[in-house]
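The structures considered in this document are given below.
Shared between the two complexes below is chain A, which has chain B as its partner in the first and chain C in the second.
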Partner chain A sequence: MEFLQQLVFALVLGLSYALIAIGLTMVYGILKILHVAHAGIYTLGAYVGLLVVTHLTHNFWVALIAGMVASGLAGVLIYRGVYYYILRRSRIVPLIVSIGIFAAMNEFYRLVFGPYQHAFPAKLAFPMVITPYFVITPKQLLIIALTAVFLLALYFVFNRTKVGLAWQACSQDLAMAGAVGVPVDRAVALNFLLGSALAGAAGILMAFYRNEVYPTMGNVVAYKAFVVVVLGGFGSIRGSVIAGLLLALVETFLGSLEWFEFPRDAIAFLLLIFVLMFRPKGLFGRL
Partner chain B sequence: MRRLTIGFLLFAFIGGLALAGETVKIGFFSPLTGFAAADGHAALIGAQIAVDFINAAGGINGKPVELVYYDDACRADQASAIARKLIEQDQVVIAVSGSYSTPTRAAAKIFQEAGVPMISAYAIHPSIIETGHLIFRVGMGAPVEGVAGAHLAVEILGAKRIAVLTMDNDFGVSLSEYFVKTAKELGAEIVFEKKFPLGEREFRAMLAQVKLKNPDLIWATGYYGEAASIVSQARELGIEATILGQEGYDSPKFIELAGEAAEGVIIVTDLNRDSDREIVQKFLAEYEKRAGHPADMVAASAFDAVKVAAHAIAVAGTDAEAIAKAINDIRHMYDVVTGPFYAFLGREAIRPVEVQIVREGAFRFFHTFTEPEIIIPPEL
Partner chain C sequence: MTLGYLLTVGTFTGIFMILTLSLNILTGYAKQVSLGHAAFFGIGAYAAAILATKAGLSFWAALPCVVVITTVVGVFLGLPSLRVSHDFLVLSTIGLNFIVGAVFRYFPFFGGSMGIVNIPTPTFFGRPLGTAGYFGLTLVFVALAVLTSLYFSRTWGRLAMEAAGEDETAAKAMGINVAKFKIYAFAISSAYAGIAGALWAHYVGSVFPENFGFDRSIDILAMLVLGGLGTIRGAIFGAFLLQVLPEALRVIQDYRMLISGAVLAIMMVFQPMGLLGKGSILHVGFQRAWKAVRHGFGRAPGN
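Let's turn to the complex of A and B:
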């Protein structure tokens, strides 16, 4: 009973890691930029969702869609407004710019919404799963179901559509893809749109699950998602999903042991060091 | 060049004198940005209310009080820089920390070395007042709070099997240290003990282990964000044990975030919202008017720290040693929100320890400790 219940916790946590890491790895796969501001987009999704549920309607789905649209557009804005102009510079330039954007976003949220944690009063009728071996709460079930839908949709887009094909071409060689007629700019913008919308969805799901939204909620996410991306191998979506689940499993089981003195968030780095020692490219890396 | 410098210094000196003649400056720092910004703002509003109350009543010996405040972002390096600024540039008479333990410790060292008194409003780490003879605290220290929590758990709530969750920073570690020690002395068994980092939001794995140990009480340290996660996740897992918290929980935000799960949670704190003392109700009303939400113990403690500072200056003037003596000489100070302060012993305010319980979405009176063996720090 104990083991299966912990497995449920790990699954929910792992899927939330995967959801945020996917956007990061998509951006890295194509532009080779470490997009730190992605965590700011995650927070943005949560705040837009919060605005909807506090001012418009308590309906969770409306909040989710609004948050995803806003996050997606913000992602495109960051690409077209900023990264687009510095892509040719050394990789450190976009990285520093990205960190700056992230810090500015955090302060923006603080100034507009205040430093306080806000509760997330969305309403959602979702079933609860009760078995003799484990319990899945409605919110946990929502995360599992919704993430599964997102992952399947993403798989479809990547492998069965022209956009997906364009992304694959861009990630292999951006200049060459452009030379053979792939509309690179549009493909990259779409890439940001989708990846950022997923980050926004992750932000709303976590805000709903933990019942709180606050300016710095992206901080831990920022580095956790990086660990997941590195662990999975840069640019590999499958790797991110598996690494997210793996990290959550290790965190959940080690974190529940009373004698294990290490803080949970440090486990990510222990695991990272351990994996990189044997697989420097990450689990599914193609670097 | 040299003449210019001397002229400038002279000008600055005269200017300083003139300014000093106009207002009494009290320095203040709290985290207005970063993860602790909510508490920092609450503390600032509390301190400003104190200044406004004092000025409305005619200031200190006729001179108006001015609060000079900065944002330390809850960082020790910022707090050190601010301490130097308050001392050298603003030339404050006394400073008040509206910040957490780590920045407060850093600033305390600099104020002590520069010979400027400082009062910590609510930072609880024992080492803060050990910095030197000019450093005081109005909020409850960790030893008192931990010991009071243990007496509450074992003697009043009858707990025999206790699980301890400790936030791994100055605040959480020092609280749990005294709690565990005292609870064991009083005969309780600690069945589970684990640390978690500041900012942790995922306690389910840990709480599933706690549930297996079947404790009758959980002592969990944390600020209101961690606290809300612990409490709501514990109830989600069907843990029915009493959850005992401390001043970190003492915020209306805790109740908002934890929702239904907050009901019945008991906390050890400084502020009794149901007090019938006039100053308390006047402060609570004024705070809610300014902030738009109910006051917490952080705001109340900052208010009291400024009141103590003003009292000491009124009695002793601007000399640091005289101010220190005036604070040490305080007896039965009733004009404070988290008091009354019976005395300052070991530079720490000796005052009742309040216990509040969450009922119908609000903190309510549960118990007040006034026993000397509990409210006086164990090392005194």
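Let's turn to the complex of A and C:
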């Protein structure tokens, strides 16, 4: 059935959106910074994965771990090296800085790896699901399974560990959290580490899925991840996951309509404007 | 280095000066960070290109139409800013680049990815403008942009815009119609950008969707931030530096975006007021020097 197959596509796309958006949501929830450079980290994950795959081993898992570690560290570096010093300034400052870092990162990838698309020749033995109604390719299954694992792990960290508690406290009131003894700085750094690692994972997964890596692969994604954060209600992880899936569903089904001539990537923008105009706190935001 | 080359560089620099001045009103005064300024620029360029090639209008006849079109589109695109706070407006402006680019690319009316070519050179009293003539034309428009900006910066409108940008609630409490001034900022800013777009389209002779992408928006913002947000001298100086330096030093040309990005980040961290903004190292230095000169030549100290 066509419908179920489309649903599979939407699920895969939506989970990848959610994976990127989670890091943004976490950062926005605590620091209230629109961390545009997050998309640069997404691309970084893909390139580190590519380096591993082309030079070291074709094993996908090694590439994934290397990419996640590199992305996580890069995220912490951006926080400790830059954001840390400008947190108290007017909110326009970190925003422009973040945009600058993102632009510089994109250009860096272009200079180092060249402006063209690279293939992503990783090898992975993963089963294929074939039912009478729909087919899930190994790559799709990988994305679904891996994202599910990440989301569950994140849920656990958030709700069952001290770190999660610290994050929740920080996102409610950074100063108060510090006053009652939460090591705010470490909590935020850890937040960046985890969020960025997830973005890196998303980068590798998408690179593997689409079999392409290129310097500006983060542009549209950055934008869509932000749309997901907005739809999800700024700082709510559950909201981001739902919103990611929702955006992917809308994109997939509107995009497959024949009379709908509008470019697919524009849908997110229309959705964003629509939501911001009528529900400025996001679809799932607490008003 | 021939004269023609210098004039070409000068013309492009002038066009970017107009763009930076345009962004200065939106981001410098009204504090609405726009990462979609290339989209406004592109709308102006495409409007001029279509009016020239499809409607057969001359540059001079088309220019008012272009200004009207970009202003109307600017007002329309500024509407979300009424509901959306600072950071999320930036998002919608990032999206603007993709949307406008996609529209230009997908709809055959805009020429698709082949763009629009064969845009005629404007004529002046029946004679086509040469490189020098066009440079002169651009200079006239830059001067107009500076003068109108100067005028605007001395009106109550600018104060109201700045107040609304700094603190919306406080501005409202003072009786400022925040919505009105935000929309004004978008309208004025996009009108300037439209003129810059028309100049660009007629000079280059063709427009393509990729001329007006996200990168260009970042470039324009970097020029403004480098020179000094909210100052006219900063806008002019920033556009000059980032447009002329890469021409003078070819090395920089290859690292263009890297430099724009780094400029944005480094300036905002260390000199958020820009090179020539109030309180910046250069500005304070100039003021001191000026004071010293006045003291030296005016009246001798101690008299």
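By definition in this document, the second predicted complex is superposed on the first by the 280 of 287 C-alpha atoms of A that agree within 3 Å, B and C clash if a C-alpha of one lies under 4 Å from a C-alpha of the other, contacts with A are read in each partner's own complex, and residues count from 1 in each chain.
Keep this in mind: a residue touches a chain if its C-beta (ideal position, glycine included) is under 8 Å from a C-beta of that chain, and two chains touch if they have at least 3 such contacts.
The model shown is predicted, which means the values in this text are computed figures rather than measured ones.
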Ask   = Will chain C clash with chain B on chain A after the two structures are superposed, or do they fit?
value = clash
Which superposed partner A:265 touches (first chain B, second chain C, both, neither) = both
Message = After the superposition on A, what does A:146 contact: first (chain B), second (chain C), both or neither?
response = neither
Message = Looking at A:220 after the superposition, I want to know if it touches chain B, chain C, both of them or none. Which is it: first, second, both, neither?
response = both
Message = Touch test for A:107: chain B only (first), chain C only (second), both, or neither?
response = both
Query = In the superposed arrangement, which partner chain does A:189 touch: chain B (first), chain C (second), both, or neither?
reply = neither
Task = Classify the contacts of A:230 with the two partner chains as first (chain B alone), second (chain C alone), both, or neither.
result = second
Stretch of chain B, among 164-172, 236-244, 344-352 or 362-370, that runs into chain C once the two complexes are superposed = 164-172
Note = Shared chain A footprint, chain B vs chain C, residue numbers 107, 110, 219-220, 261, 263, 265-266
Query = How about chain C: which of its residues touch chain A in the complex?
reply = 31, 33, 35, 79-80, 83-88, 90-92, 94-96, 98-99, 102-103, 105-106, 214-215, 218, 221-222, 225, 254-258, 260-266, 268-269, 272
Ask   = Touching chain C in the complex: which residues of chain A?
value = 34, 82, 85-86, 89, 91-97, 99-108, 110-111, 219-220, 222-223, 226-227, 230, 261-263, 265-266, 268-269, 272-273, 276-277, 280
Message = Looking at the complex, which residues from chain A come into contact with chain B?
response = 2, 5-6, 9-10, 13, 107, 110, 114-119, 137, 210-212, 214-216, 219-220, 251-253, 255-258, 261, 263-266
Ask   = Taking the complex as given, what residues does chain B use to touch chain A?
value = 32-35, 37-38, 40-41, 168, 192-197, 199-202, 204-206, 208-209, 212, 224-225, 228-229, 232, 236, 253, 256-259
